[in-house]
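Take a look at these structures.
Here come two complexes built around chain A, the first alongside chain B, the second alongside chain C.
So, the complex of A and B:
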């Protein structure tokens, strides 16, 4: 599903990639940037946590318009302002669409990549972000002069509370939660790989939730496949041929019929047999005699206790 | 000194870390020996250091530096070491009256809720940059430590904004001349939401994370703790995504020896 959303075969207007400290989402972001630069006419990159170069390696940068929220988001640097590039000011009102309109865009529809939502969420309340994203998604060519085909946003799951995550999850058509990386499918193969859980909502209303494994090649192309449930080994119920333990020995362990009968008639020393009482029999143990009276719960039977051993 | 750690990190005094944001975190133990290590590494290599000291006075660093064979007083006189006495500034903020000299103090955020750490950033920038406003040569910004700011009441957001600007100044890319080393306390037995939030923000900025903690089995005379080194690499798919190495260490009089877990001299 992740690969289909990336390549555009599955339509998704808002893709949110949730990562955490242990499972970094930047490689996946990079793949989205490269892929969107290939299949869309124009890509707007709002970069706030990393310089633009991190995501643009290998991508067609002529199609990418970057909005710089990394160098000076709070306007602390008075000088050295480059007027040609569009800067994001976290102190003023949030308007993604306004930034898009400010830069001359000849082609439409455009794709928007936001890295990441965290600086916005630190400076504005959650509903402001949601509203700004909605305005972006609902932009129409007739009224706003621009149309947005896809928005990809990064979200750090461990920096924000559940209510913010829930609000964004409600808005998103695809939510990718990155999880513990799997073992590399090709041992020693190059590239990044990991697990993720994808929650995708189609326009028809169908909701698909899948656990997937993704792999990113050194050329920043992503492939993903559904993760198969781990196969539990089926308990083998085979009837093995009964092996005779007394065969192939250098000594004889077998009993003849007479010997078996004699064995069954052996009187165990601690058993007090009423039938075969010998009153004149000297006490075997002058110190004391042991009388064993089996209780009702004791099950004493004549069978050979070794009979139920199953080799 | 610290040669084993240098080999693992890939730094030494001849080849200082450039473009790296090293985050040191310690839990239930004191990780400041790593601060002294980076300080002496850069001074020995002849590179420029700006030390923003919020936890200790200059005398303390000087005393430890002398044990490690690095004269900090001379470095400060030469201009190689720029020392920002955050400890004194914070004390002044609390002891001065509103009429006198509050305007110039870089830590005025401690008294003025509407202020940010921007004055502190401006001060760091003047210390680190040349007149043209750029870094000349490998420069290190050492912050010891960020948890002090949170304890004094600065919000995690303000500290994180300050560190963001420092990162943009020193090491925005891996090819930059500057590097940052900062320490954040992450005690496992203390539930401090602000501090944990700050640590997570810093972890996203960091390229190398050194987590110092005691042994899980308890106190030992021969092994004082362990350091887990985590490299976060997202630039180069031909290398592994995150690499983790674990080392155990023992703090000695003039050195800290690092060794692989289980190979302490007491055991072998």
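So, the complex of A and C:
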């Protein structure tokens, strides 16, 4: 799923990559940058935590427009206070679309990569970020002159509380949570690998949640595959073999075929008895007949004791 | 004497009452109160909330995690409004209301348009003959001359087909007012807001009040007797999401949303309008905030969908797509609300229909788990009102 989102086979308007201290998201980010530079006409990179060069290594730089929020975000230096420059000012109102509109855009669609939402979330409340992202996503060619095809944003899960994460997760169409791996590259350039959990929402409404393993090559291309979930003991019911009660006995309880047939032919008692005695007994209840067979010791009295009852 | 509106339309039963009861197409009187009901568009949902939404009240739908089913309920509500020719007011902050209206489910019976046309022609002809009084069958004098067909606009609770969308002529000609927050709020107020009241909610309340006043839905203003009245359907999609300016998941003691709901109820109580609101309460960290919002609305249901959660694999739930909880039912003008006979409901979304059903657990077959803790079906058998724990057989059980 991560690979499909990266390559564009799965359409996703807002991708959020959640990382933490143990599992760094920068390699995945780098892959997104280089892939988007190949796929889209122009890429806008808002970098606030790292210099631009970290992500642009190996990518087509001519297509990438970087907005600098790293060197002087709070505009301390006099020469950087020019409003027409490319710099992100954390003290003014947040407007990603405004930044995009300021640079002369020749082509569309445009992809936007935001290195991290953390500096924004530290300066503005969560809903301001959500509103700014939404303005980016719904920018249309006719009204704003620009159209954004995909936004990729980084999010540090251990720096923000649950409500902010929940609000962003509500907006995001793909949420990638990095879980393990992402070891530093060895000298041989073996690349990075790790586990992640991807929650992807399609436009049709279908939600896919998968645990995946990804691998990043030294040329910054990412491959991922679904990791087989460990077998839960609840889901798999072991069918106990039914114990055969006639086995392991000292006597024989089994029947041969002829014996089984003879058994089926046995007439059970009380099934269809002929009346042997008392033929003159009237059929008292025509619905059910009583068949009485007196024993030898039975005292069968012809005289009906109920005859003297007087009503 | 006013003819009461039955399910088929025309009945010969006439209630002896001095005041003329309101006859509005698409509504029906409630069976256990002196209230008027409108349909939500899903007949099974209507049944469990007591017949429909009471006119003048608010039905709050607490959204599921991804908001898909709440959006579907809003679409049904709007589609029902178009079918019964009720004016609509739809507001949304994320997707444009026009997009929502373009995607409404199509009604099932095909001869809707034909029935409407036929009715208009027939009524114009019969108008001429109405003056002649009947001499022999004078009891039938006050009855309507033609029978409305099934599927005509006076029917309550239509069925919809989700695989088709409603034709654009029907949606375009329906009287509607759309409120799209990014268009309505000026640009400088779209960032951070300071102050006591969230300007987004203030703007929304103002536009609702304007529509109620202009469309003559206000019951306090006397209207000419022969004016045909209709009910306004208000749909507020995904209110209280971060895009509306709701901060910190309700923990910041911001009272703008409770204030808005309180004012909205005040407007609705004196007007011919019914409102459906969906709020993503799963984003609120503070349960008390959610409870306050519930108390400020009349009927509350909560949707919980299985998509993307571990309940999806639970074999007990394999027929359903989610659970529906009724949290509160409206008590307007009465001492007691409608009491449903059971509280476990589940919904399923089939290709063509969305339906709410009673949750039936599957039969416990022989190949269930050895340990009852592991058995998902047995674990669900815990009644919510049970006073003793079911998990694990206690040695003290007789």
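Just so it is clear, the second predicted complex is superposed on the first by the 214 of 311 C-alpha atoms of A that agree within 3 Å, B and C clash if a C-alpha of one lies under 4 Å from a C-alpha of the other, contacts with A are read in each partner's own complex, and residues count from 1 in each chain.
Keep this in mind: contacts are C-beta pairs under 8 Å (C-beta built on N, C-alpha and C of every residue); 3 or more make two chains touch, one makes a residue touch a chain.
This one's a predicted model, so the numbers in the text were calculated from it and none came from an experiment.
**Student:** So, A:243: does it touch chain B (first), chain C (second), both, or neither?
**Tutor:** After superposition on chain A, A:243 lies in contact with neither partner.
**Student:** Under the stated touch criterion, which partner chain does A:267 make contact with: chain B (first), chain C (second), both, or neither?
**Tutor:** neither
**Student:** For A:253, is the partner it touches chain B (first), chain C (second), both, or none of the two (neither)?
**Tutor:** neither
**Student:** Once chain A of both complexes is superposed, is A:91 in touch with chain B (first), chain C (second), both, or neither?
**Tutor:** Touch partners of A:91: none, neither chain B nor chain C.
**Student:** Is A:297 touching the first partner chain B, the second partner chain C, both, or neither of them?
**Tutor:** neither
**Student:** I'd like to know which partner A:216 touches here: chain B for first, chain C for second, both or neither.
**Tutor:** A:216: touches chain B, not chain C.
**Student:** Would you sort A:51 into first (chain B), second (chain C), both or neither based on which partner it touches?
**Tutor:** A:51 sits against chain B, while chain C stays out of touch.
**Student:** Within their complex, state which residues of chain C touch chain A.
**Tutor:** Listed in rising order, the residues are 66-68, 94, 182, 190-192, 241-249, 251, 280, 282-285, 307-308, 313, 367-369, 374, 376.
**Student:** Note which residues of chain B are touching chain A in the complex, please.
**Tutor:** 116, 118, 121-122, 133, 157, 160-161, 164-165, 168, 172-173, 197, 200-201, 203-204, 232, 234-235, 237-238, 241-242
**Student:** Contact residues on chain A for chain C in the complex?
**Tutor:** 93-95, 124-128, 130-132, 134-135, 138, 162-163, 166-167, 170-171, 199, 201, 205-209, 233-235, 237, 239
**Student:** Show which residues of chain A lie in contact with chain B when the two form their complex.
**Tutor:** Listed in rising order, the residues are 21-22, 24, 26-27, 30, 49, 51, 53-54, 57, 70-74, 76, 79-80, 122, 156, 158-159, 181, 190-194, 216-218, 220.
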